[in-house]
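Below is one structure, written out as structure tokens, with a few remarks after it.
Chain naming follows the written order as A, B, C, D and E, and within any one chain the residues start at number 1.
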Amino acid sequence: MSEMPATARPTHRRATIETADGQPRASAYVCEAASCMSAQSHDITLRLGERIAAAGMTDVTIKRVGCLGLCAAGPLVEIAETAELFERVKPDDVEGIVKALKKVKPTDTRRPQGPFFEKQLRVVTENMGRIDPESLDDYVGRGGYEALKHVLSDMTSTEVRDEITRSGLRGRGGAGYPVGLKWTTVAKAEGTQKYVVCNADEGDPGAFMDRSVLESDPFRVLEGMTIAAFAVHANEGYIYCRAEYPLAVSRLRTAIRLAQRAGLLGTGIADTNFNFDVQIRLGAGAFVCGEETALIASIEGRRGTPRPRPPYPAVQGLWDCPTLLNNVESYANVPTILNKGADWYSEYGIGKSKGTKVFALAGRIVNTGLIEVPMGTTLREIVFDIGGGIIDGRPFKAVQTGGPSGGCIPAQFLDMAVSYESLIEVGSFMGSGGLIVMDDTSCMVDVAKYFMDFCREESCGKCVPCRVGTTELYMILDLITRGEATLDDLAQLERLAGIIQKTSLCGLGQGAPNPIFSTLRYFRDEYMAHIVDKTCPAGVCTITAPEVMA
Amino acid sequence: MSREIVIDPVTRIEGHSKITIQLDDHGEVVDAHFHVTQFRGFERITQGRPVHEMPAIMARICGICPVSHLVASAKAVDDILAVEPPPTGADLRRIINLGQIVQSNALSFFHLSAPDLLFGFDADPAKRNIIGLARENPQLAKDGIALRKWGQQIIEWLGGKRIHPTWIIPGGMAKPLTAEVRDRILAGLPEAIAAVERAIAWYKTDMVRWEEEAASFGNFRSAFMALVDRHGNVDHYDGWLRVIDADGKFLADRVDPHQFNDYIGEAVEPWSYLKSTYWKPMGYPDGIYRVGPLARVNVADRMGTPRADEELEKFRWRVGRVAGSSFHYHYARLIDTLHCIEKIEALLRGPDILSTHILSRAGVNRNEGIGVSEAPRGTLMHHYKVDDDGIVLWANLVIATGHNNMAMNRAVLQVARHHIKGDKITEPMLNRVEAVIRCYDPCLSCSTHALGEMTLRIQLVGPDGAVLDELAR
Amino acid sequence: MSTVFTFRIDGKDVAGSEGQTVMEVAEENGIDIPGLCHLEGIHDRGACRLCMVEIAGSPKLTAACVTKITEGMDVTAHSERLQEYRRTVTEMLFVERNHVCAVCVANDHCELQDLAADLELTHFDLPRISPKLDIDASHRLFAIDHNRCILCLRCVRVCDEIEGAHTWDVMHRGLETRVQTDMGIPWGESTTCTSCGKCVQVCPTGALFEKGRAVASGSKHQRPFLPWLKIVEEERGR
Amino acid sequence: MSVPAEPADHNAPESAAADAAGNTLIVGYGNALRSDDGFGWHAAALLAQDPRLSGARVTWQHQLTPELAVDFSKASLVVLIDISVDGKAGDISVRRLDPSPVAGSAWSHHTEPAALIALAGELWGATPTVFVVSVGAASLEVGDELSPAVERALPAVVDTVVAIVAEHGRPSGSPTAQ
Amino acid sequence: MPVLHAKPQAPTDDKRWKIVETRMRRMGDRPAALIEALHAAQEAFGYLDTDALNYVGDTLGVPHSRVYGVATFYSFFTLKPQGEHTCVVCTGTACYINGAKDILSGLEKALHVKPRQTTADNKISVLTARCVGSCSLAPAVIIDGEVKGKVNVDDLVAQLEAM
């Protein structure tokens, strides 16, 4: 991908119309996050502006906002006061919205209803769809930067770390390492130069939580990073963001600039003597750079290959200095925790998994889009209540979580409460929060092969088990899907997968066999069908081997 | 007139060969073809490889004469490097090459041809074989085995490994000879000489029986080609190409082997995968010539070693200055073998044979190289082209069986004409066709070792292309 | 004076100084831990995964070449499980490229071949990948046959860390990874190569070889320049 | 990797087969440059390192040649390993051979196993027990690697040979050959 | 750190080199700026040719072999000019299970190009991306930077052929 997608060129023209008394009677929120943008939502913003001007309505405001959640139904327009949601808006539908806006009464304060909204708890996404992501005023208007100011004026760095530790917040990038512990390690590590790095290299296919957060509420991430920097005594930060997310990058750049101008980044933040500044570094299309040591190598301008740990980045990271590395969602939780307190936060969740988790719903599900639920919500609630069930009412087969290092969870676990621990128990992995729903049109051997194809293409090539082993696994899976494999091949597949898991250098290789393990655990009959009966039950694979003679 | 006969792809795998004999409207034999397949895969294997690997790869082409390919290949690479191995290096190569010829000649004579000679061509094939020979004349059989073993041991001891020695390398040799190995080879030498001399004596007393056969047994006029040294003696390793006609007149002498392309053409016939080579000045198909032991004794002035020279004189006294009958390949092969053993001794007793100065080093200095040596069955030519970095672009091999291809067809034709009566293949004819081919000891081994029985099929084909009769053995 | 740690490898009591790796101490004590990317004198990268060892109390395996010793640690360097892993990793190296020992300059002088023999790896069950790769013989003295490269990157490191030329690096990634010179240009056209030959010396297989070496004659007598340079580096106090 | 080094030295026998391996000759043969045809080489390389066969002589060669009769005559048990064009790829077959003079093939350079037994018997009065273990070929194309089906048969062939040696081999020191 | 090398001249007087030069200078012309510099050069020229790689490497003091190693490591960088139009097919999980495979095979059938190839007339380059984050629109493609969601193969082919 050499060209920046058009979404990277958002207009900065404010499409807001001011009312005479300063307060609008009605507000139309047009989603301008990437998904709706790609459905030409910006045209809707402009058209709406024209139509409202033409109608001479001066008490109505049009605001572009971040993700409204129901991405599959974009472009989305919401009338804030009535919570009326317009889906799949075409230019011709604008008149209808104008009519609806006319009907809004100053007393309307309805909240959106229905399980999609009611089962969710919005912490990280609290401002999503409510603020203009390029407006610092909007962010501040909804309580933004209060946490930072509170921290800088009233707290010591130790207190901040303790608060985070007490909240039970765990890394939202995948493995779930306690955030407070990591902060403490970095704070106590030797060295005067320390860094805070935000991992925005959301690489799991089917995951777009971080992108939505950055596109919809970039200041929240900056605020979280700034608090973290204060807590670990760092004064320089980096956000390593995928180049595939041009809109997110652009909004981040705007947010950084605005924060710097407002004295919320740079020297003497919020009139204290605390200094912290942030730079963006672009990824360049390497999944492995989501691994922390590879990410550091990439920021340093090198090939993004992981290195063995220890030493961990918290002790020896960017340019060998102690480095705090968390992902977007982890930082985005920080302001709310400090605003509402660790106790409030840790009330949500289940077991050692506290707070909420943002998930990206995708696949064969009705309501694809972004959701945030308390830890402990069941898969059934997520898939059927919030997600609206399977497209065309087909039978549910599995939900895939954790990206290429994750697994496929079958129907028998639909009532399982989702947490870091429970997912591992059933052979999957939290990952960054991609949740892909599959129905009976998916072949699970093919799905395993898909992920193995992903891993072999994204293997950095440094260590032997991952470089060679992922291809070996892929070749065997390919044999199986072509109906040319024997039971010996299957045994080889399992043996090899185990060795690759044990011997690979980084998480990519160690996790690469997981899709095989989990599909074998729950869908071994599908493997057997390919190998023994030479058929693909889902009808996905093209069996080339002739029928075996009895 | 004759229809093109397409060889079944299965027969491209070594192990099957076929002879077709073409009859005309009057039931007369007009043509005969010996179909063999030549291993052609090496171009693919060698392309893109560094030229220094060529000897090691080429040694794997043939299970019977790996050393011959090794020698010719190493010489071709020497040519590309534009170096000559130091004298001791060259001598060590000679020794290992001669060892190869001894063991290969022994296989041909003692194990393949001697049963015919002992029992007669029309004897029952069940008896007329190596086992029958062992029963009837165990000394002869043991001598054959002993000679093979001694030859193999030379290769093994010198080369480190018996099968694919890596001892010969471009520029010379990898390791010097030790006194211990030299003495071990020399220790077995008297027995080797005794063995071959016993065989010669037996052959000479026995051959009287075959004078009539010899006259109609692939006896035709052709040219002969072999390498000779600067004295006109047989040279198995180096020297110049000499070509004589059926009367012994020089068609060419002191031809630099690097120029062989100027003299030797390669024709491809639809009925054979084996290229037929011909003497260019005489054109195709008139430029028929023969290589191998018979060519070596015919072409050379002398063998260059005392016992072999004595035998050569007797040979010429019996069959004339230039022997034309293919039958005499056997006699010539024994003389050749005797010479090889004597030559090995002479070389081993050379004052500098233990020298450690055995390798010349150089980079790639030419883009093309040719290596020519005498293999058991005759002159072997390796021809390579490389890029400036020494990566092989192209390789061509002219093997002895290719040189002899036309001659073998001629010999088969003659036997067929002599023996064909009507439209049936007779046992005597089949026996003699087999036997005449055996004289040339064509190498069919450059491929898979054998797939089941090595069968020979003979077909009698009528003018309309219909197969009139077929026999397999 | 650095602190001395005592600990165990394969049940044997050993001692080393703080900062040493498990691999170094094992070597000093005659315990052979295989490793193809490790070479004394250049930085370790823990990539070949052949030196994986178990450390009591840790669920994960760790690469001995990059694991610093600690007091009282209990290292298992040889077990049935570890040997099976090593055999499979070695097998992966063989099936990844085209290793035809019989026609290789390094035949009988090859660390990969030796390792296969030590591990009693005699045949392969894994599907072969073995693409036909190029040979770059454009350099005046040396050549590289990518078919035999195992991507240990000793050449890259020795060229960077010791010769200081940084002619070698890697290109592409995953299975497509290749060592390469300068801008991926033919070695012979490299403007940075000093033709020092260190890369050839350190190559564990026949991938990098002196031109003109015939099959099985590529003996790489490990010249002592690496340890020497290591001493020089240390004295410089880098 | 093609065939590695020459047979390794062996330590103490560890099994019934090792006890029986004395005076056992194992020969793998074929063309290592013609894919599966080189099977004999690959198998022999494995067998040469198999501790269960310590004491046995293992060799490999391009094809069978008459002088092998000498080695036959010194062995009480000979196991030949070959590729076969009959049968399914990878299928293993075991044949016990009787000595027999082979007719009609006396002009190729290849010597039949039965002829070797007969030669050993005629010339030295030896009567080794000879087995041929063969595997169905899948490919005889130019190449130095076995096809997957044939490669997979390797361990089973090794076990088969070990079993034959265990059953038919004679402990060293009690040769039958004169 | 002492400067060991003189700052090199831009390969040509094309003004776009100025953009690249500025981006590097802002990051102190240090080796760490390599990836950012490559991004800048690719944004400016559409791809990275040897001149660009040399220039960037020489300016930042990064060995050429390392520049090349980095440029070839990241799939975002392209060392060859692309066709007039690009069609990036998302192969993320959501797109995969919703038919990305059919899109690729459809494109191959209609345009005779595989991923990372350009049509013979140099019109269209087909590329793949590992999830562009438009999972809710799966299957998605990006044509000349514009995301198209819920793609139908025939429509896509028709659109590309009309270009």
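Rule of thumb we're sticking to: contacts are C-beta pairs under 8 Å (C-beta built on N, C-alpha and C of every residue); 3 or more make two chains touch, one makes a residue touch a chain.
Predicted model, so just to flag it, every value in this text is computed and none were measured.
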item: Chains touching both subunit A and subunit E; value: C
item: Target subunit B, source subunit A, minimum contact steps; value: 2
item: Pair with more cross-chain C-beta pairs in contact, given C-D and A-C; value: A-C
item: Chain centroid nearest the full-protein CA centroid; value: C
item: Chain whose Cα centroid lies at the greatest distance from that of subunit B; value: A
item: Separation of mean Cα positions, subunit D and subunit A [Å, integer]; value: 63
item: Centre-of-Cα separation between subunit C and subunit A, whole angstrom; value: 39
item: Approximate Å spacing (C-alpha centroids) for the pair subunit B, subunit D; value: 29
item: Euclidean distance of C-alpha centroids - subunit C vs subunit E, Å; value: 34
item: Of all residues in subunit B, the ones touching two or more other chains; value: 60
item: Touching two or more other chains - residue numbers and ranges from subunit A; value: 286, 303, 457-458, 460
item: Shared-contact residues (touching 2 or more other chains) in subunit E; value: 66, 69, 73
item: Touch relationships between chains, expressed as pairs; value: A-C, A-E, B-C, B-D, C-D, C-E
item: Residues of subunit E defined as touching subunit C within the complex; value: 50, 53-54, 63-69, 72-73
item: Residues on subunit C engaged by subunit D in the complex (per definition of touch); value: 94, 99-102, 108, 113, 116-117, 120, 122-125, 127-128, 130
item: Of all residues in subunit C, those that touch subunit A in their complex; value: 45-50, 52, 61-63, 66, 84-85, 88-89, 92-93, 95-96, 125-127, 129, 150-151, 170, 172-177
item: Residue ranges of subunit D in contact with subunit C within the complex; value: 1-5, 32, 42, 45-46, 49, 144-145, 148, 151-152, 154-155
item: Subunit C contact footprint on subunit B (complex, rising order); value: 48-50, 52-53, 55-57, 60, 81, 164, 166, 169-171, 174, 361-364, 389-391
